[in-house]
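Paired with chain B in one complex and with chain C in the other, chain A is shared by the two complexes that follow.
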Partner chain A sequence: MQQLSNRHLLGIKDLTENDIQLILETADNFKEVINRPIKKVPSLRDVTIANIFFENSTRTKLSFELAQKRLSADIINFAASSSSVSKGETLIDTVNNILAMKVDMIVMRHPYAGAGIFLSKHINAQIINAGDGAHEHPTQALLDAFSIRQKYGDVAGKKVVIVGDILHSRVALSNILCLQKLGAEVMVCGPTTLMPRYIKELGVKVEHNLRKALNWCDVANMLRIQLERFEIKYFPSIREYSMMYGLNKQILDSLDKEITIMHPGPINRGVEITSDVADSKQSIILEQVENGVAVRMAVMYLLASQYPLV
Partner chain B sequence: MLHKPLLSSPKFDLTIKRLCYQLIENHNNFSNTVIIGLQPRGIYLANRIKEELSKILPKAHIDCGDLDITFFRDDFRRRESPLVPNATNINFIIEGKKVILVDDVLFTGRTIRAGMDAMLAYGRPKKVELLVLVDRRYSREIPIEPDYIGIQVDSIASQNVRVSWKETEGTDKIELITEK
Partner chain C sequence: MKFLIKSATIVDPNSSFNGQVKDILIDKGQIVQIDSEIEAKGAELYDATGQFVSPGWMDMHANFGDPGLETKEDINSGCAAAAAGGFTAVAVMPNTNPPLHSKSEIEYLKNRAKGQAVDVFPIGSLSVKREGVDIAELYDMTQSGAVAFSDGNKPVQNAGLMMRSLQYALAFNGLVISYAEDASIAEKAKVNEGVTSTYLGMKGIPNMAEELMVARDIFLAEYTGGKIHFTTVSTAGSVELIRAARKKGLQVTADVAAHHLLLDDSVLMGFDSNYKVKPPLRSQHDIKALKAGLKEGVIDAVVSQHTPHEIEFKDQEFETSAFGISSLETTYAVFNMACEKVLALEEMVDALAISPREILNLEIPVVDLNKKANITIFDPDHKWTLASENIRSKSKNTPFIGKELKGKAFAIFNNGQLKIN
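Up next is the complex of A and B:
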């Protein structure tokens, strides 16, 4: 298989293992491209892409935009906060108006789960989900898998623990699905209140003790507490959470092996991870950001290639 | 399928040796020249030429790299089968150097056009030359002509020219393949 099985990237759930491998292998080539003196290739020069962000983003938006520019695509940016959405326009109307400007591909972030899936049923353009509510964030999972693969050579057989706010995290769900499809073992760790009720049905291990989880794993992916999605209090205080589930140098040094630390960003230093850990040699947080551009280039390249001009 | 042999050993080896001597005439000891083989099939020829040159000029240091042109092709989104990228390995600077682009078969010239584009991402060379093992003449779609030619072949578009290598196929030969 040298082509993706789906014409959108809505979630890792829709991808096969072959699709994921194809994306990672293509990303290898783009990683080499973005380390050249001239980092641009003309592949997507006849493709127009709209970045539609109904929710705030720094990394993902910049990363997508840079990936699009490196592929020579034409891009338009749209942020909901400064648009007519606040005047009461519906999602489909907004997007159809953008499509009337002859756009081929849409990168969308939306606060509601399933927004991308909904859109894909009503419009013609190819859609890339850049995060929908607490549902999925597929490109983040792909770049995390790419970073693990780069560090260890292979994802299969690796033990990965995802620590923190699993309940509100789209990164957690996409990561679990992606890592499992690639043959890794996944554990989630966090307070009981921040565990989704049916988490065990995903086939992951659940652990509430951070030290035990870290002793088990090869890679720890630390998640941010998504306070903006909290409707009730899930734990007594940030300080208490940090004492129970925050990763600091002391715990890290007391483990019998050297584990790799990842974080999807943005980091709340001193809450889920202390500065000395985030900036340590074991952390590959900034490599994740670099890999993000290569992985997103691969995704857009592969999607565009299956939609022939003639 | 009809396979018509065009070149095999020992003439194959002689042709490569002859190309090497032609290169030396223009590039002396290769101190200011680099060789770039185009992926996927040009790299075998580039490696063979480098090997042969090293035998003739044992003291010379010859830079030789592989260049993938997939992302620079002009038929992306215009062809049925997907384009599969290959690795690029260029560990030297081409700025101000003489570059010899190497490919096995020259047909329409579109691969070479993409190759020149891809190469420019690594700098501005002083001069670019083209070396091919097989020139399928009278079939160009772009005004590109080689500087060094192994053999010239008259063929029609539906035919295929295949170069096999000792390293991958077990034997060195060039065949003209006609679909029946």
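Up next is the complex of A and C:
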């Protein structure tokens, strides 16, 4: 059996195309498993995984937890807002305290870019990055690729546009890297103030007109506008954002072709996407959620079975 | 006490012995004889065969933590680090607690530094409490020994304060040092804006954040007729602005930190906080312009921007870790490696020893007869590896541990003391 090239999953950047294909193929098997009457397999029995979330998350955490349960892993959950940690204990101390209780693997979400990479230099356990600042969110990108592959049979040659706040988005960066490694063409679309100045250097197309972007693509991945993250205003109002970048049924129906709509959730209905689009036949948003469990099972299974645990 | 330095090559444009290999005899801190094959019974001997002797170097931008932050660096450890780096003088920024913002802190520092081989020159805070609001007692601090004024690592956002400081200092020929960054553009970004920041998922500090402020301060210098010095300029655009200002005849000078000449932002791809500095490491394009600026004399001096931090401040997530490198001991090697193909030895000595003192209006040491012995002994070709246990600074926040470096200062002599590494 093939092996992943790294014992952690810190970002898509470190993965080879073979790594990604291996994860997607393994996820195929687990997707079959979770649709059986008995959804649980003993693959990670006696493996203990800590889900450490320094930032709020509902669905990513739920998805990881469910994936762990389906694999028969033992789970502990640790939630701490970054502020409570900044009151004293360092990240390394927090994690080492958890590891001292004999934990094999860490799934971590953290508000700062590179936190997983930093941690990997200081601790022994395997680490899965469940989102670090605006850097990477590798399992989201993998499940998005899995969902596109499921819909079209292959990711290579597909045109994918990522719409929204590219500047603050870890989903965007991981998606760009993952889709490119699989041979897709990627465009980013959003307000000029929410576009990294050097994004073109990553080999993506940049478009500021939503209709043009949609006419170009096969798949549109609509990012959540995360107003709560902004300390300063990058656009005047949600209303104006919707006017320029909100996807509604009228625009969707006016396109020459039938494109596929994705969203990493949670959806702001009526902001980046209207209800009738989210619930339309073109939307694969709920498939993404289902696939997320299979993909996360694949990642944890591959890492735990291919590399020695601490 | 006599000291005899054997067979040193003298590099000093102001010396009649420039370029010659000579023995140098020092007695009571003065150079009393320069000749071939001097014999001196009882003198302490230093064999400098194959090594160079220049006027003692001066670092015009270092941060010590005295007073208040002595766990980072106190006067003794800071001077030891400076001596190990080949510096016989340092100007220290007012980034202390309390800041060096009145006569008492300036006098405290001057007193603490008495008896050191390394001369310590305080840079007074431009504003009261270094808050960037009200002008501090610049004249009183000058009388006590402050050599220039700056808010240290807090760029002055208030144009009016900067203008009035430049005007006010005119009366006593005071120098204002600008650390240029527009905070509303830089925001809370921690790295250079570029391809690297895009891959890191981090917001970037555009070059423009610095250049806007350089442009503003040049306008203010022109309007007031004051003297301004830009410290740690990092961008090609800043070099261009300063070049234009000097062409106009304005009293504008500048320095660059050695690390900005050697490293570009691509070293940040692994999120190593030891490379986290401010201004951030920039691009190869900027590096090229900075070197050209030095060669041309648009940038006058090279500085350490020595910023010591305890390990707890650096060994954390990149985002929250402190800015700065504990750099006094590697500044020369880093500068040498960056610029050995661009600058002649004499030009390097100028940037390290002569220009800083010219800018700060201090006496320039000369390696010549009947002059005070204030010298640095060094070898630009010597290769060495920085080991953590050999670092004299209290703080070891440097990316150069374990790396091979080229160029080393072996000893300094100043204030009657020989300090050998």
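Just so we're on the same page, the second predicted complex is superposed on the first by the 300 of 310 C-alpha atoms of A that agree within 3 Å, B and C clash if a C-alpha of one lies under 4 Å from a C-alpha of the other, contacts with A are read in each partner's own complex, and residues count from 1 in each chain.
In the analysis below, a contact is a pair of C-beta atoms (placed from the backbone, for glycine too) under 8 Å apart; a residue touches a chain by one contact, two chains touch by 3 or more.
All figures in this text were calculated on a predicted structure; none of them were measured in a lab.
Applying the stated contact rule after C-alpha superposition, one finds that A:Asp46 touches chain B and leaves chain C untouched.
Of the two partner chains, neither chain B nor chain C is touched by A:Ile251.
Contacts of A:Leu66 after superposition: neither chain B nor chain C is touched. In the superposed model, A:Thr26 lies in contact with chain B only, and not with chain C. With both structures placed on the common chain, the touch criterion links A:Tyr198 to chain C but leaves chain B unconnected. Legend: residue contacts after superposition of the two complexes on their common chain; A:Ile123 is shown touching neither chain B nor chain C. Within the complex formed with chain A, the residues of chain B that make contact are 68, 70-72, 76-88, 117-118, 120-123. Partner chain C is touched in their complex by these residues of chain A: 13, 86, 90-92, 110-115, 117-118, 132-136, 167, 170, 173, 196-199, 201-202, 231-232.
Note for the complex: chain C touches chain A at residues 187-188, 193-195, 197-204, 206, 270-271, 273, 312, 315-320. Across the complex, chain A meets chain B through its residues 2-3, 26, 28-29, 32-33, 36-43, 46-47, 71, 301, 304-310.
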